[in-house]
Amino acid sequence: MGAPPIPALIARLVYFMIRLENVSKMYGSELPAVRDASFDVPKGEFVFLVGPSGSGKSTLLRLMNRQERPERGNVWVAGRNINEMANSQIPFLRRTMGNVFQDYKLLPNKTVFENVAFALEVIGKPKHVIGQQVPQVLDLVGLSGKEDRFPHQLSGGEQQRVSIARAFVNRPLILLADEPTGNLDPATGEGIMGLLDAINRTGTTIVMATHDHRVVNAMRRRVIQLDRGVIVRDQERGVYE
Amino acid sequence: MIQRLSYAFRETIASFRRNMTLSVAAVITSAVSLLLVGTTFLIQRAFDNLLTQWRGDVGMIVFVRPDVTPEALGFIKQNLESQPNVIDVKKLEYLDKTQSFAEAQRVFAGDPTTLSLLSIETIPSQFKVVPKTTDPELVRSLANQYRTLPGVAGVSLAEDEFDVISTLSGFVRTVTIGMSLVLLAVAVILIWNTIRTAIFARRREIEVMKLVGATDWFIRVPFILEGLIQGLAGALVSCAGLWGLNSAWTSGVAGFKSGTGVSALVVPGSYVNGVMIALLVIGAVAGGVGSGVASSKFLDV
Amino acid sequence: MGAPPIPALIARLVYFMIRLENVSKMYGSELPAVRDASFDVPKGEFVFLVGPSGSGKSTLLRLMNRQERPERGNVWVAGRNINEMANSQIPFLRRTMGNVFQDYKLLPNKTVFENVAFALEVIGKPKHVIGQQVPQVLDLVGLSGKEDRFPHQLSGGEQQRVSIARAFVNRPLILLADEPTGNLDPATGEGIMGLLDAINRTGTTIVMATHDHRVVNAMRRRVIQLDRGVIVRDQERGVYE
Amino acid sequence: MIQRLSYAFRETIASFRRNMTLSVAAVITSAVSLLLVGTTFLIQRAFDNLLTQWRGDVGMIVFVRPDVTPEALGFIKQNLESQPNVIDVKKLEYLDKTQSFAEAQRVFAGDPTTLSLLSIETIPSQFKVVPKTTDPELVRSLANQYRTLPGVAGVSLAEDEFDVISTLSGFVRTVTIGMSLVLLAVAVILIWNTIRTAIFARRREIEVMKLVGATDWFIRVPFILEGLIQGLAGALVSCAGLWGLNSAWTSGVAGFKSGTGVSALVVPGSYVNGVMIALLVIGAVAGGVGSGVASSKFLDV
């Protein structure tokens, strides 16, 4: 099987927003956190990553924004091999993707407004655009009126929603969400899922790690299941088992 | 660009307010260490003044025999004046017998016996010579040269004194300049150290910023500005301290008897101003560069 | 209605492990996070706190270990009014209760073992007891083999389980658990709930804030529901609504 | 108790390893600032030596008329010796005519004219007197008193020199002691500042420890130990630096011509050792107390 001609390769990689080729990641001398993972995510798809605690979901997401680099294999994002990217290019890669981190990673010294605005400051959006878009997004996640609070003045679920707001305020190509409903009650969680669904319908590719079987079962999208670092299931319109 | 800059400025100000403890710590450290640097500079200058004055006091006296002929005297004078590079012709002074006798009365006021031995007839007249050079060897050879002139009774040279002051001068200058430089290095190390600690305390923030897509410079510029302002603020405080110290010093020294040489320890205001400007520049640069370098350490996330 | 005689009062307060009397808590000039909350928790009971994100569950728990002090009302724990307790007494109060924090609050510079051991060091347990009890507890939460990791080297769910292990390693009278299964997959979560149930059966009083309706519905214990700081339901053998 | 202590020690060591950046920063700061303190102490001592030596050189000469009667001479001698509190009797020296003439030959070696005026018959004999007091007024009144004695030709007093050295001595001592104290304060502030910043960076940890039921002292002891060790480590480094500096200084001074007084600037080894011990104590106390106080700030959670 010969290599495809370059233009065809690029076409395929662009079509696949994210592509993992035999990716393995190990921390130190431990058992690999991800072993020989391969899958493609076409543009506009919504993928759930499921699996027990410690099975490698967060690691997979971290490989996609180069928080981690794999020991083996390649990760392609929007047609580019991100493992071979120069360090100076990484910020621009990350601006094409929104991230909801499992531990939120809010800036403790910035208010809710500033935390969300930060994602826009970074790409040099003018002040009036920020002043308009941020309150709008905060309203969508139900945090109107809490703009001037600092993260430590918020409840767990509120912090999580700030993280979600920051992740999609700059309308990224890709949204990587790690357990975005873990600290939300079912009603609020459903609201957030409706939001993610709407964002997905505008063409944004979403990869979401979750334990929330209700969410997975309700949405009926593609499910990739991990077990001790290995992909054991990759199913269109799957459910949480 | 403009919003990047405005972001950097807002960010800097906000960070100042929110990291009060760290900012205050950095300002205190810079202030204290720069004050030390400034003080050494002033001390160095004061010593320099003192030694220069002392050295100016060291001269040579060429005694002329009481029975000298006018020609010989003229020859001696001419000889002295022919070397304007070596001796300070403007300060060259001739005391005739009357003046020499008057000076002897003054010098030996406490020593009536010696005084009783002197008379206006037998007293030698004298040339007071101030050498321009400060090299003791040269001055000594000069004295020997004058001794051979006809009509010269002898040459008196405060040789030992001259030696000590000359060596001391070089020595003190080396020591104080060395000390200033060391303290300068110390100040820079301390400022850098404090800023590094402060940025270390905020490394998680830097990590998060990078994950949200901030470039290294986007993160670094507010830190640099912050360090620069902290350094500058510290320098301002140290300038105020230095000014106060210098005023206290000046008025303290003014209380001394004049003529004791202690008044030479006063440092001219222009020099003090120069030192203050230097402190401001050092503070700003050490702060800015320090935080630039320190923040870079946590940029490899 | 006259006040009961002192011995009767004490007897009642000891019988009620935790007792809130008209407690209100507001942060700054905001709407109160908890408004006029009153309830008793008898010794050995298992109580779920439920309610939407931001309704005041964590605040209620924080009032019980004096992380916060109420503006109005009294909080009694094991027969003592903790709001009137001297500051020097607080550590001893906290040693009688284990805490699972919503954000885990692990010590970042200590290993998993040391984090759990810390709760025993604090009460002066000798080294050999620590060396025996900690691995045992870590095994119960499924973290054997990860003793020497630092928190940042763990997955979200693993960190959460370290927090749980630390909370009950010293066999506290009371266990306050804030969303202890939020980052756990259903299977691991069920394991943890089984553990909490077992601990409860040994006499430990448990108050647990949760969004996990499956857990609530499966356990069928007392449910206190909050809405915007107000207790709207207090039901024996309740379900998640 | 025993496991509490062992916990505190293990904790301290672990914390050192895990907070390398902060620990190193604290050690650097203490080392640098204590080195400054130590250096000023040495400088102060060196100046003290120098001034003491200079002052020892300042004496009084009581000239006795050449035609004095033995009774008068005996009376003068007796008078001088009768005041052992004021003058140093052991250093009291009488030069008879021969000796005085010999000394004059030496003193006026560079001044042949004066020399030619002197003869063994006409030269006054002299008492060399070293006053015990350093108060210029007292010495002056002493001189005046001697002037009135029968047979005394005059009293020569290096009054100006005496004045300067005496004032300078007090002045330099005040300045150097002041500087040592200021630098001591500076060192303590800097060490405290660094430790405060380091503890600030770890305030979340303190909060968590409190929530798990740790008492204030349980939290504080490892911090205090850590600060103490950091201060001690810094002091050790500064002692090494001081020792090196002093060695360099001593050998540098040894290169000077003897008799210029510069050799007085060498500080005795025992004094250096004393300063080193003081630095170790200061470092340990500043570090320990500093971190105790700084950690208390974050204990009100």
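Each chain carries a letter (A, B, C and D) given by its place in the written order, and its residues are counted from 1.
Assume contacts are C-beta pairs under 8 Å (C-beta built on N, C-alpha and C of every residue); 3 or more make two chains touch, one makes a residue touch a chain.
If you want to know which protein each chain is, UniProt gives these names: B, D = Cell division protein FtsX.
As the structure is a prediction and not an experimental result, all values here were calculated from the model.
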Far-end chain from chain B (Cell division protein FtsX), centres as C-alpha averages: C
Whole-Å separation of chain centres (CA-atom averages), chain A against chain C: 32
Centroid distance [mean C-alpha coordinates] between chain D (Cell division protein FtsX) and chain C, Å: 63
Euclidean distance of C-alpha centroids - chain B (Cell division protein FtsX) vs chain C, Å: 68
Chain contact graph, described as a line, ring, star, complete graph or other shape: ring
Interchain contacts, given as pairs of chains that touch: A-B, A-C, B-D, C-D
Chain B (Cell division protein FtsX) residues touching chain A - in the complex, by the definition given at the top: 3-4, 6-7, 14-15, 18-19, 202, 204-205, 207-216, 218, 300
In the complex with chain D (Cell division protein FtsX), residue positions of chain B (Cell division protein FtsX) that touch it: 21-22, 25, 28-29, 32-33, 36, 63, 65-66, 110-113, 117-118, 122-124, 153-157, 159-160, 163-164, 167-168, 171, 183, 186, 189-190, 193-194, 196-198, 200-201, 256-257, 259-262
Chain A residues within the chain B (Cell division protein FtsX) interface of the complex: 65, 67, 87-88, 90-95, 99, 101, 105-110, 114, 118-119, 121-127, 166
Complex contacts: residues of chain C adjacent to chain A: 27, 50-54, 57-59, 102-103, 153-158, 161, 178-179, 182-189, 211, 213, 240
